[in-house]
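Before we start, here is the structure in question, set down as structure tokens.
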Amino acid sequence: MMGSYKGKGMGNEDYSGIWVFAEQRNGQIKNVAYELLGRARELADALGVELSAVCFGHEVDDVNGLIAHGVDKIYLVDSAELGDNQEDLLTQQLVELVQQHRPEILLAGATALGRAFIPRVAAALPTGLSADCTDLDIDADKRLLLQTKPTFGGNILAVITCPEARPQMATVRPHVFSLHETDGSRKGEIIKVDFKRERYTSRTKLVEFVAEVAETVKIEEADVIVAGGRGLEKAENFEMIQELASVMGGAVGATRVAVDEGWLAYPHQIGQTGKTVCPRLYIAVGISGALQHVVGMQTSECIVAINDDPHAPIFEVATYGIVGDLFQVVPLLIEKLKKR
Amino acid sequence: MEYFLTEEQKTIKSLARKIAEERVLPVRAELDEKEEFPWAIIRDLADADMFRVFVPEEYEGLGGGCLELCLVVEELSRVCGGVAATYAVNALGSYTLIEYGTEEQKKRYLPDIAAGKKLTAFAISEATAGSDASAIRMTAEKVEGGYRLNGTKQFITNAGEAELYTVIVLTDPSRGARGASAILVEKGTSGFTFGKEEKKMGIRASVTRELIFRNCLVPEENLIGREGMGFIQAMRLFDRSRPGIGAQAVGIAQGALEAAVDYAQQRIQFGQPIISLPVVQDMLAEMAIQVEAARALVYAAARTVDSGARKITEESAMAKVFASDVAMKVTTDAVQVCGGTGYMKDYPVEKMMRDAKITQIYEGANQILRNAIAVELRKRKARTE
Amino acid sequence: MNVVVCLKQVPGTTQVKIDPETNTLIRQGIENIINPFDTYAIEEGVRLRERFGGKVTAISMGPPQAETALKEAISLGADEGILLSDPAFAGADTWATSCTLFMALRKLEKYDLIICGRQTLDGDTGQVGPQLAEMLALPFIAYVSQIEEVADGEMRVRRMVEDGYEIMESSLPTVLTVVKEINTPRLPSLRGIARSKSASIPVWGVEELNADPDKVGLSGSFTRVVRIFSPQRVCRGEIFQGDVEDQVDCLISRLKDDGFL
């Protein structure tokens, strides 16, 4: 695998089109794939090339639906053995397809799966890869993908390119691109690829999956998030946050401090060491707005901050702010919302 | 201040600080509040080889002296005086064995002490014998198969948690202090039980209980050294251990000084940080001078102990008395600098003030030690006349 | 069981700033540490050795001063350290880094397991583990939170995924990346520090690795950093005035206008 070194001299003009790896889990295509397709369609138009999706799985729901998200071609590999995303198989299959069809750009979600196997694809091809990007752009003249990725925990952003090797690869953080309107009238083509199991080896085996997060609303997918921080003072006060969230039809989030204090479980944690979320509305209650938290929510469409400290940095990212005692503001807000 | 510490001493000090900051700091308020014995921290200290510091190399220790022990105690105390007491008492409970024990006794116990597998304690105080340690009443009667122990020891640090106790008892009550002997007793020996846990003002992360002996039979081989030497052994032990109390006091004071400076820098009053007020500057400067002077005296006393000098009573008493008085003064002033906030339990200085008090009291109340120093002065004067 | 732990020395903070004149990171005055995620890898390696015997080899690519990170790994229980250092290695991206580690591992004797941290504090990529596995043609499991069993050339681990965990099995040797949930790293010990001070850390450069200079450092890297910058904050929004009642009313009316209610 170390033999075919770099695409140097092979002629980058041989490579064309943008591919998005449409990750499925339990037969459902993940949201991040649709988010990526929205942005990838724009990039493909800027380059004047086709957009393709690659989907590996078994009896995946609504593969056709990818077309409405802007896809021209879908490479679909359907096999019972691909259902549980064995990474050895995914890696080898994707490498083979890329070598065959030569896309100039390959994108995938920076999910647990994407961040685990996409680097292996890049190493095997071999080509450059940037991880966990938060923005993508095109330098149309040079046909280069400009990949913006956070480093130093989001305190520094770097723009990365892959000038020579192809494809240019990036994993992209979920929720950084918003979903585009779908277009049901779009035409596209599904190319079914035979899965030749005998050609591949799998050395790791999934024995069992155990679901651990028993949340009613997943914060990564929520349109509205009400989050609490140190200002809540104790676990019981999160009931107030819970109530506001349920009145708003949203999910509950928390800062690291609140989770460290044991007021809420880790799956609710938002920020550098927790989840990155991008809801339409984010209500930050008793949250000072430490950078480590803000990097996880700053792309929210609308941010409301309720805090008694007018100098709290959360107000710098807030769309709307109330400087006041949250123990007065929140109950009143709940009361008035309920009356509506 | 340059104290000319060796590379190894600097390593010990910085590792002790790392443990204090990473493992003790996050739990110190909880340990204080709940009066919980800090087992998890004891394991961390053991893993880091801290119990090897005061054990000779032949018995799997690192062969450090009084100064090395003081460095660990100082750094632990900077964060929590209670955890430091729990640790330091292990040296107190081991010294008599190290100095007077037989090869067999040392081989039997010291490797486990060095590894932190067995904690130790030292017991001399009784209800009727505090500052007047010679007034002890607990007896050890020579019987067939060993000694039969009867009596109660009071205010024993690490009691109940330690596995090995050095107990000062009367093997010959008729001779008073000259009839005292040091005897090793293992936890679990029949007839040996513990009283209730005392509720304390400070160093609440350490445990203090009575040792209760009712016809407790220990084998003859548990005697340390010779019969009748117990009181002398204990006095010599305290001469060596008092710089450690001084180190505890220096650490507590250092922690309080740092907290006060932090607070004074953050606290805005009259439109400026209070550290820019001359009255506050004056207090902080005085605190810093006191702490550094105490540290210099404690290190010097520890080095005197390590030099092998025979007469060290005065030096070690001076270090303990001076440093503990400094700790009380500095922690009280730290609370003052921090004002209302400092008085609250959310802020660490009130705990430091409570922790500081014991350093003026135990291992010889400061009044007793000043008296001992004065006695030496008079003796010297008498000799020169 | 012989374990290789890959680690990186990184600046001990993420609060770094960019020098506006040179557009490079200001590294002055920042202490270097072992990448915190890698300390879990070291600890897990040491625990495996304590259970099964063998040795733990820590390996790192970096400038000469990265020796201190390897010495620290020894103070934390690793048996030996190897530093991959050469001016030619500078500027490596994850591919060139993985390639350099790959060449070093080829030189090592038998090993059963390679453990990496899940990502670094500075680069945040998490790519070196899987890329190294691919180059070595070894199985790879990411985000391991528990090693459940090791026996007969096989291991069973628990690894974290978004909505729970998976029990995975793999043949040995294998490459793992570990998450912080896997253990609590121990502190160094005095004896460990003494051992680390006397340990000599071999330095392998281009020559020792018999490396193709085109595959290491900047010239071996596929990617280029075009520019770095600090993220910009969204500008300050609207702060509602008046008493609590007014403020809450104002908020509700804005949220209604914006279509959230």
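Worth pointing out:
Note that the chains are named A, B and C in the order they appear, and that numbering of residues resets to 1 at the start of each chain.
Quick note on the criterion: a residue touches a chain if its C-beta (ideal position, glycine included) is under 8 Å from a C-beta of that chain, and two chains touch if they have at least 3 such contacts.
Just so we're clear, the structure is a prediction, and the values are computed from it rather than from any experiment.
Across the two interfaces under comparison, A-C and B-C, the one joined by more C-beta contacts turns out to be A-C. When chain centres are set by their Cα atoms, the one at the greatest distance from chain B is A.
Centre-to-centre separation of chain A and chain B, using mean CA positions: 56 Å.
Here the CA centre of chain A is 21 Å from the CA centre of chain C. Each chain gets one centre point, the mean of its Cα atoms, and the points for chain B and chain C are 42 Å apart. The residues of chain C lying in touch with chain B in their complex are 186-194.
Residues 1-2, 5-6, 87-88, 91, 111-113, 115-117, 119-120, 122-124, 126-132, 146, 149-165, 203-213, 220, 224, 248, 272, 280-281, 295, 298, 302-304, 310, 315-325, 328-329, 332-333, 336-337, 340 of chain A are the ones that touch chain C when the two sit in their complex. Partner chain C is touched in their complex by these residues of chain B: 8, 11-12, 15, 18-19, 22-23, 44, 47-50, 52-53, 62.
Across the complex, chain C meets chain A through its residues 11, 14-16, 18, 25, 93-95, 98-99, 102, 119, 121-127, 129-131, 133-135, 137, 139-143, 156, 160-171, 174, 214-215, 221-231, 233-234, 236-240, 244-245, 247-249, 251-252, 254-255, 258, 260-261.
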